[in-house]
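Two complexes are shown next, each including subunit A; its partner changes from subunit B in the first to subunit C in the second.
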Partner chain A sequence: MNTVLWIIFLPIIIFIIGTFMLGYSRKFIARIERRYGPPIQQVFYDIFKLMNKKTNISHGWMHDIAILMLLGGTLLTLYFIPVPGFHFFAQYGDMLVIMYILLIPALGMALGVGETANPNGSIGISRALMMLAGYDIPFFLTFIGMAMLNQTTSMYELINIQQAGGFFGWGLITNPLLGVAALIALQGMLGEKPFEVMVAPHEIATGPMTEMGGKYLGIMMIQHAIAVVVELTIYINLFLGGALNWFEYIIKLFVLFTVLLSVNAVFGRFRTDDAVRFMWKIPLPMAVIGVLFIIF
Partner chain B sequence: MEEKLTQRSVWEKISNKLSKRSLWMLHYCTGCGAIELPPTMTARFDMERFGISPMVTPRQADILLITGYLSVKTLKRVVLTYEQMQAPKYVVGFGSCTINGGMYWNSYSTMKCLDQYIPVETYIAGCMPRPEAIIASFNDLIAKIDRGEANSWKDYYKNYDFYKANQDRTFEGPIETYNDIKADAAMFNIK
Partner chain C sequence: MSIVSGLLLIALAGVILNVLFYKSKIVQKYVSLLLFAVLAYLSFNMYKQVGSHFSIPFLIAGQSIGFTITWLNYYFALMITGITLLTAIFSLKYMEGKEGIVHYYTVLFMKTFGMLGVILSSDLITFFVFWEIMSWSTFSLMSTGGKEAPKSALKYFIFAVTASMILMVGVVLSYSLFGSFDFAVIHSKIDSLSLPMTGFLLSIFIVSFSIESAVFPMHSWLPEGYSNTFTTFTAYLTGISTRIGIYGIILFLFGIFGIQTVDKLVILGKINFRYIFGVFAALTMIIPTFTALYQHDAKKLIAWHSVGQGGYMLIGLASANALGISGGILHIINYLTYQVLIVFAIASVEYRTGTTNLNKLGGLIKKMPVSYLALLFGIIGLAGLPPMNGFVSKWFIYKALIMSGYPFLAIAAVIGTIGTILSVYKLIHNMFLGQLPERYNDIKEVSFSMQLPMWILMIVVFGLGVYPGLAMGLIAKIQTSLGLAVVPYSLHGIASGSGQLNMLVITALFMGGLAVAWIIYLLGSRRKHVNQYNNYAGGHFLNKDVAYNFNYEFYAAIEHVIDPYRKKIIERTERGIIGLVDAVSEYVRRIYTGMINTYAIYILTAFVITIIFLKELI
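After this line comes the complex of A and B, so read on.
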């Protein structure tokens, strides 16, 4: 019974946290630019307005289905990640499953945008898949490294092991090379500023979102709000010792997000080739050396 | 008839209240006046505190801000852009050129009244209007949405023949617009 309630309400709770985090990011960046900034609940207004549009142009049935695949893939990832109080699916699916299903949203987006036949969208998708090759290899290497270090592929077990060691049991402390490599990869995964090539409003008109309007963009924004929390949660569970209660969890989410936003606020944008080259020059060797340290 | 237009259900009142807090703006700046927009967006005047932020594609935008004069050639692009936007959509005419031609009254190639071709929600008079005027007009637009009176976009679906005739006269023949406005109005039940 408890599990059923969690299954129903977890996406809603995570969505609310995610929208507040996105609102917080807009406010934070506005204050760095010495602006007043929008209210923190601004993303709620945006999503409400988009879902309330009177006309919604569809470009074909694949466009409709792929948007749902995008949202569904993210929700599926959410269920397999242990959060405080809920790890029902985490005992059936370990980090290897998460590695696979993290790729579903990107695939869904590629299919949907392909249907819209907008050249800006196609460029955005090719950049997104290129960046995927950049950040996914170091990120998954850190998955493998942490699994080898702790002799478990279950994320829930990993949290327990880290919590047992206290602050000095955190993955970031026991294995700083992997922790920092994953942090840089996480920046690329979230599409924050130095690795923002996928969206790039001034170059390719927001890339994949070019042809999305009304409810389609609304669902993409809901997905983005959930995906931000999901990706930060993976990092927290692997390297920041997870969380035992929701208070600690939300504090860790906001602190980690603030670190990433501070980098986002002061950087420009890498070109696609530069971004991938950076990912393969700095985080990838770090992750490889970190894994080698664990083996030998 | 007038009363019927202003009568709103509770849901419409709530949705107007919330929707007015988020307006995304597409700026069409082939005339002059684009220089007034950066101060409006950045630290000095900061329109994002009203929830208005610049967007880059017509599909995502709610406001179409048209700065300065439009020649026959650029008007064609404005019509194409306007038809791609998703309703509810609001056109804001910026500067005296969109109102009556302004200093280009005698020009052979510019058009004079923007609202002959697409329905305009608000005008900003002046040559040039300062960022304060832009912010003031956006606040007017927000108040208008709150009262449920910002319905000019419905006019394009209802009186399409009028706008189409004016466009065809200016362009000397029909243009290919990719959008069947009357079929859209029937499909999305706009009346």
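After this line comes the complex of A and C, so read on.
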């Protein structure tokens, strides 16, 4: 019974946290730029407005299915990630599964954007995939290192092992090289500046979002809110020792997000090839050295 | 009559019928199709006779030779005959009215005959003879269909002859060492061999099979050879032909030499024979996959993946733990299904548009939805994303590599997967998504006989993804028969242990997620479909005269990043090898002076040396 309640309410809770985090990010950036910024619940208003639009333009059936794959795939990922109090599905799929189901929404999105027949969208997807090649390799290597060190690929067991060691059992403390490498990769995974090439509003008219409007854009915003929490939670579970209760969890989410946002606020945008080169030249060697430390 | 002789005789009968009645359309189409169906039926029933032996009624060097049915060759026979049948069904319409149809079915039967012989043989002589038949028919398959085909087939021919000669050395050497050709006899005597000799003999066989299965430095014949022929042959060749080399590797590594013997071949610490093999497999995964990014031709792109995916199977085998080996073996059938599915989709597009050039296609999803769906299922499998079958075997392989402590081989597998995702998106985007060129406005979906094989393969790709246990049962039997540990599998994945896998739960949750998303989607007001010219263009108006598409140089930025490495490493190495060969040939050439006197001296010297040697021998 408890599990059923969790299954029903987890997406709603995460969605609410996610929208507040996005609202917080807009406010945070605005304050750094000495603007007042929108109210923190602005993202709710935006989603509500978009879902109520009368005209919804679609370019074909793949465009419709893509938006379902986007949200459905993200919800799927959400269930496999252990959060405080709920890890029922962690026994059916480990971290390897999570890393690959994270790509389902991306693929769905890519196919839908392709069908909109807008070159801005295609360029955005092409850039997003190239960025994937950039950040995913170091991120995966840090995960492989953690899995080898603890002899498990299950995320839930990784949390337990870290929590048994207290603060000094955190992955970031025991393996600082892996932790920092993964943090840089996470910046790319979330698409925050300087790794923002796929959206790039001033160059390619927001890339994948170009032909999305109305409820399509609304669902994309819902998905974005959930995906931000999901990706941050993966990092928290791997390197920050997970969380024992929801209070600690939300604190960790906001602290981690603030760190990433502070980088986001002061950087410009890297060119795609520079971003990929950066990912292969800084975090990747760090991760390699970190793994070598684990082997020897 | 045993099933083995039935299989081989029917395949041979197909060759003869097609040669005799080379003008008859009925033989070409329906008799051939019937024979392929019978072959598939017979090989499916082979499980009833597992373990039985069939001798050829004559002796070679005083030894009986023949065929045996094992679980391993049952697995391969199923794949060979199944995919041949699907190819034949697909070819009914595809080859209609094409020029090459005269020899088409002859070489197809010949190839099937050769492959069945190779996998069923129980001794080195039979193995070698059928290996030769198989190589020759691969050459014939490659040299049909297109202007460029004979040239690239010749390239394969050089590689294949080299492989056969190396294999021949291995056969002769084993006979002189063991006094027998029989696999079982060799297996029982392998422990008596000294370690350097074991290493040498194993290397000979592995190198020979690596050429056939296109392992990294020996892969260069494959992409052109496979992509210049008929697209149905591309499907057939990429699907199964290359994987016969993997059959050889599995048979010799685990069946004949045994993993205990192989593990004795240690060079330094953790670096042993398997590890070196694994490094080559890792290079096979990475380099061809990223080369695929550069391709502008759909067939060539997928042919490069045919090289790259072989690396996953080999790296699984090289990990040598139960999970990795079963992953490697499972990947063979998974690869077969999605790869053939992708090539069939490409063939359908080629059939309708007449081109496979990725820069000239686009937007075909509106016209050919079934082919699009086939390609979509195929690429999700190839990229290794859930819930398709490619994910399951790749998951086995990643997990095996991480758990047995090979982090860098594991990351190589991940890099390969990422390269695959990039290049397959380019494939599907440039063919089916984006703007539809005006000249393709009247295109229709392909006919039912071409759709049928695609539907069957789509069901298999999805079915094996959700129920990997269907194939795992057979693989567990193979592992037991080879004396290996078995993975505790269930119908939906891995049964026990931490971090287990349950594909049914994943798929069900995904469907649930889709349903929730659909409900949210329905909350909004109804959508309206618009045409492709009703699009954002920064204030400009679009019509059919405005090219508004992005598919040329799709991954230019990452090519900028990779190019320096590619130039530095690969091109310099190639240039070095060319220089070396040039220098050596220059010296060799000097032997041929062109003067009759020198040749006379050569002959005389050879004669004298022969006499001296003969004298000593006698």
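Observations on the model:
We adopt the following convention: the second predicted complex is superposed on the first by the 296 of 296 C-alpha atoms of A that agree within 3 Å, B and C clash if a C-alpha of one lies under 4 Å from a C-alpha of the other, contacts with A are read in each partner's own complex, and residues count from 1 in each chain.
The rule we apply is simple: a residue touches a chain if its C-beta (ideal position, glycine included) is under 8 Å from a C-beta of that chain, and two chains touch if they have at least 3 such contacts.
These figures come from a predicted structure and were not determined experimentally.
Judged by the touch definition given at the top, the superposed model places A:R127 against subunit C, while subunit B stays out of reach. When the two complexes are overlaid on their common chain A, residue A:V97 makes contact with subunit C while staying clear of subunit B.
Subunit A is touched at more residues by one of its partners, and among subunit B and subunit C that partner is C.
In the superposition on chain A, contact of A:I219 is made with subunit C only, not with subunit B. Once chain A of one complex is fitted onto chain A of the other, the partner contacts of A:T152 are limited to subunit C, with no touch recorded for subunit B. In the superposition on chain A, A:N56 makes contact with both subunit B and subunit C. Touch criterion met: A:D46 reaches subunit B, while subunit C stays clear of it.
In the superposed model, A:I32 makes contact with neither subunit B nor subunit C. Of the two partner chains placed by the overlay, neither subunit B nor subunit C lies in contact with A:L10.
Touch criterion not met for A:A265: it reaches neither subunit B nor subunit C. Note: residues 52-57, 120, 205, 210-211, 214 of subunit A belong to the subunit B contact set and to the subunit C contact set alike, using the contact criterion stated above. On the side of subunit A, the complex with subunit B involves touching residues 26, 30, 33-39, 42, 45-46, 48-49, 52-57, 120, 201-202, 205-206, 209-214, 217.
Taken in their complex, subunit B has these residues touching subunit A: 15, 18-19, 21-23, 42-43, 46, 48-49, 51, 53, 56-57, 59-60, 62, 85-88, 184, 188, 190. Against subunit A, in their complex, subunit C makes its touches with residues 363, 365-366, 369, 372, 376, 380, 383-386, 391, 395, 398-399, 402-403, 405, 407-408, 410-411, 414-415, 418-419, 421-422, 425, 428-429, 432-436, 498-502, 505-506, 509-518, 520-521, 523-530, 532, 534-536, 538, 548-551, 554-555, 557-558, 560-561. Within the complex formed with subunit C, the residues of subunit A that make contact are 11, 51-62, 64, 67-76, 79-80, 89, 91-97, 100-101, 103-104, 107, 110-111, 114-120, 122-123, 125-127, 129-130, 132-133, 136-137, 140-141, 144-145, 147-148, 151-154, 157, 205, 210-211, 214-215, 218-219, 222, 271-273, 276-277, 280, 288, 291, 294-295.
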